[in-house]
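Next, two complexes with chain A in common: one pairs it with chain B, the other with chain C.
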Partner chain A sequence: MEFAQYITYGVINGSLYALVAIGLALIMGIMGIFNIAQGSLAMIAAYGSVLFFQHMKIDPFVSLALTLPGMFLVGVFMYLTMFMSMNKFDPGQKLRNSMLVSFGLVLIMETLATILWTANERTVTTAYSGTVMALGDLRIPYTGIATIILAIVVIFGLHFFLKHTTFGKSIWAVSQDHDCAMLMGINVKRTTLVAFGLGIALSAFAGAVVSLHTVSPAVGIDWTNKALILIVLAGVGSINGILFAGLLLGIVEALGVYLVGVHYTGVVGLLIFIIVLMLRPQGLFVRKAGV
Partner chain B sequence: MLEITGIDVFHGDLQAVWDVSLIIEGKGITTLIGSNGSGKSTVLATIAGLLKPVRGSISFDGVRIDTLPAHKIVDAGIAMVPEGRRLFREMTVMDNLEMGAITKRARQMKNETMAWIFDVFPILKERARQRADTLSGGEQQMLAIGRSLMSQPRLLLVDELSLGLAPVVVQKISQTLDEINKTKGIGIFLVEQNVVMALELAETGHIIENGRIVGTGKASELLASDQVRQAYLGMEGE
Partner chain C sequence: MVERKKGLVLAAAVIVALALVPFFTVREYVFSILCMLFLYVTLSQSWNILGGYTGQINVGQAAFFGMGALVARLLWVAGVPFYLSILAGGLGSVILAIIIGLPALKLRGHYFAIGTLAVATIAQITVGNILPGISFLPAQQMATYSLIPRYYVFLIIMAAALAVIYFTVNSRVGLGMEATRDDEEAAQMVGVNTFKYKMIAFLISSFFAGLAGGGFAYFNASYYWYLPFTLMWCFEPILIVFIGGVGSFLGPVIGSVCYVLLKELFALTLGEANLLIFGIVFILTILFFPKGVIGLPAKLRQLFYRRGNVVGR
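Our next item is the complex of A and B:
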């Protein structure tokens, strides 16, 4: 296979990583909650897409209309029952507690998914699965093109929402100064609840894409791993940076495959993770603290 | 009119305010003076709803507000300029102002109010698209005041107007506050360590010590009184 073909797959994988990471980045950046369960939620959402396709023949991109609000409600439930009470903690304690609680959620969701849908891999096979666009020698799967476009639209859309709409800006204001936001008349309780729900709802985008590849109960934590690498690469609080970090990781992994073989993909990812942590611990795409 | 009746306020287990009662006239300028840690900010935060009194009550124009969440108190017509300004540093001047006009009532008048704020503080108009943390201290205080005015309050609470600012800047901003009070009829409740400035600006003054009100009177009389001269002005020379 040609070099350019590897890079193409790298870009597609990277876009998917970014879609998984974006919800985690939002929730961590805005609320200081470390939600390790984000990848597992994407896994659950992916099963949602699979089931809608199997039983009702709804395309994963169309069933987003159902999985997005569904995951939003899951997020609202999670926030009200588990994370809201952590607001009284100091930031470090909040980070640690949310990490522990969400790790518990990972185990619960993985077990639940195994009981409900077995440990076997599942996938959605649509009419366009396996079809490719040929650009000279280069072959680009249509699902890959959809993944890239979705990642761009979702991430830049979220960035626009936070920076240029009144509600988005009020979420951002709460993240900068919780008490002062109250003094401005912002309903902080409702704003954080919606922001958390939104962060969890974003996992539905990743889920739709994942369902077109393969999904199994154990992939959740793998996706979270990739997401964490992206957050370190991008820097906490960076939204657009997540996309670039995703592309960077995807491409570097692809280069690894091209140069040293497929068994070292994980190692290559961790290597740039460590290099960035050593040389630029604030992340590659953060100038000061900012969204 | 704001009526505070016998409030006790705690920070966790620590009581900071004991049995404080105050009446703040709706249209005037009132000040609460006191030294470091005497409980001034605690009183303001309680009016604004960030802290809840354990005993006593607060009502604004006859409506009880101490049971309301903070954002509803803004809706009721009380806005606060917090100590240390607390701007949304990563946001532009314009976005900071927009955040001040978040209640439904304020949002409808957002453009008119902003035009008025730019009229009062022209420098904010020049800096409209700059990040808040690039402003000078005085400009930041102007923005903090402008942001709170965006909610169209009837009563403005100001915590330490003079904090960290040069005397000429304090002079200028306090003059502007006076004009806002006189022309717009917005009541002002100012909390200060800068006793002279506060008592010169206000009509009525209250003195707080160790969380208790220990003096109340006409500002000009307080300024001339032995109590204030010895306790606050005398200390300046030491």
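Our next item is the complex of A and C:
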């Protein structure tokens, strides 16, 4: 039974990883921009949730109504000032430059958060945090259930949006052929701007969930790391695959905790990463052969 | 060829002059600044051979720096002679590089960056979990602590790194590295084994990053075990290389001088906010001066040339 409990926590953690990774997957898979700062943005969004809760007693899931548009504007600002100018580069150069710039952003955001909110860990304690649903011997925290539901809704919602709405399809079109999309009458500049803003806004979902656990300035790069491992597991360009990759990483990590102890959780993740790189570098959930 | 010889003689003269510094001054401040300078030159030049000459962006240099520091410190404190422990630290970093390089460097694109970042974050957290405390020097080593041997250790590591990297990038191997960076597909087409050159660059890079880490472990009397693994050690070499000029041999040296001076200045006046300034400087460099200080004259000439053109029209 203890084993099932570990797996449950693995599933919950995995859903959270998927929530952090989904914005990164959108921006990287569709726009070719490698944003290492995604986890740090989730950290900033989480501080937003913490502050709204501390000062106005707004529940993190309710304050999403404020943090989502807030992060969207942050994304728009980032794109206009930094990433838009990279569209003139070839894909390799764009990937490299965006990675370096966002690496600088990681440092800026971590320092800014430390100056503004100190390096101490913070958390949101709501009426329901700590309460669990008992399912036989299994104990599932309500926040965990909310995380899983949120991850499923957000990821499948994004998938539906990209595949079945006009605007979503135009995002795909621009990603496939920038010039051709322009000739078809798509406003390429607006589409890429909104897509990037959307990718950054998605970090607010992760932020809301993270604020219910603990948030400190240093967690940003850690979340990015999990998100990047998920991208490699799922394969670049896969949206639905992110959820499954998240669950896989979460469960394997939980198994690692169960078998070798909590100190080595990260090493287990790294091992899966290396194994996938060796055996199936295009990702587990992409059918395309070769890289 | 004559130019190159002149440069080498000049470099040797500078190194010899630096070796003589302890005979002229005993001020600890001078030594510690110079030690930091040598450390940053080593670390950034080790990043440059891989990132600048071979085009593989390592965003996790801290893992290799930290590995060198960890192994060297553990062995040294346990009683192994220092020169052996620092070499063991370098080898530890090389082993880490082989583990991550073999799968990640076979592939193109983002895999190497993700792999190195993953190694760095995971190493930091794992070391922080296993060794949460501070590493103190044992009393008898503390009693004999002196800056002079530290100074020479850093100087020797730097001279070795500069020499090895200089002769590597100016050899046939260096040509292979640059071919890999400029167009990997074309290079493979004409028969260049790009994986081999990427791996050579990565091994040299990680070895000297590890030695620099060993120097750090020798220099500091006490520090948190996880400190050499922190994100700053990933960021600093990249920042220095880009400020100085990426893919040029003098770039990291110039960048390190600028960085150490600016850091002293900012840390005194701005405190914690100095990292903010460096982050912004870094982003502006990437966006507007991708060739760094080395590329400034060409950039200015280009500006004038363009202006002249407009007038001509």
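One rule holds for everything that comes next: the second predicted complex is superposed on the first by the 287 of 291 C-alpha atoms of A that agree within 3 Å, B and C clash if a C-alpha of one lies under 4 Å from a C-alpha of the other, contacts with A are read in each partner's own complex, and residues count from 1 in each chain.
Note that a residue touches a chain if its C-beta (ideal position, glycine included) is under 8 Å from a C-beta of that chain, and two chains touch if they have at least 3 such contacts.
Note that this is a predicted model, so its numbers are computed, not measured.
Peer 1: Which holds for A:S85: it touches chain B only (first), chain C only (second), both, or neither?
Peer 2: second
Peer 1: In the superposed model, does chain B or chain C contact more residues of chain A?
Peer 2: Ranking chain B and chain C by residues of chain A touched puts C first.
Peer 1: For A:G269, is the partner it touches chain B (first), chain C (second), both, or none of the two (neither)?
Peer 2: The second partner, chain C, only.
Peer 1: Using the touch definition from the top, say if A:F34 reaches chain B (first), chain C (second), both or neither.
Peer 2: A:F34: touches chain C, not chain B.
Peer 1: Identify the residues of chain A that lie in both the chain B contact region and the chain C contact region.
Peer 2: Overlap of chain B and chain C footprints on chain A: residues 291.
Peer 1: Can you list the residues on chain C that touch chain A in the complex?
Peer 2: 57, 59, 99-100, 102-104, 106-111, 113-115, 117-119, 121-122, 125-126, 129-130, 231, 235, 238, 242, 272-273, 275-276, 278-280, 282-283, 286-287, 290
Peer 1: What does chain A use to touch chain C in their complex?
Peer 2: It is residues 28, 34, 36, 82, 85, 92, 95-97, 99-101, 103-108, 110-112, 114-115, 221-222, 224-225, 228-229, 231-232, 236, 262-264, 266-267, 269-270, 273-274, 277-278, 281, 291 of chain A that touch chain C.
Peer 1: Quick check: in the complex, which residue numbers of chain A touch chain B?
Peer 2: The touching residues are 166, 169-170, 172-173, 176-177, 179-189, 288-291.
Peer 1: Could you pull out which chain B residues touch chain A in their complex?
Peer 2: Its residues touching chain A are 48-50, 69-71, 74-75, 79-80, 82, 86, 88-91, 95, 98-100, 102-103, 106-107, 147-148, 151.
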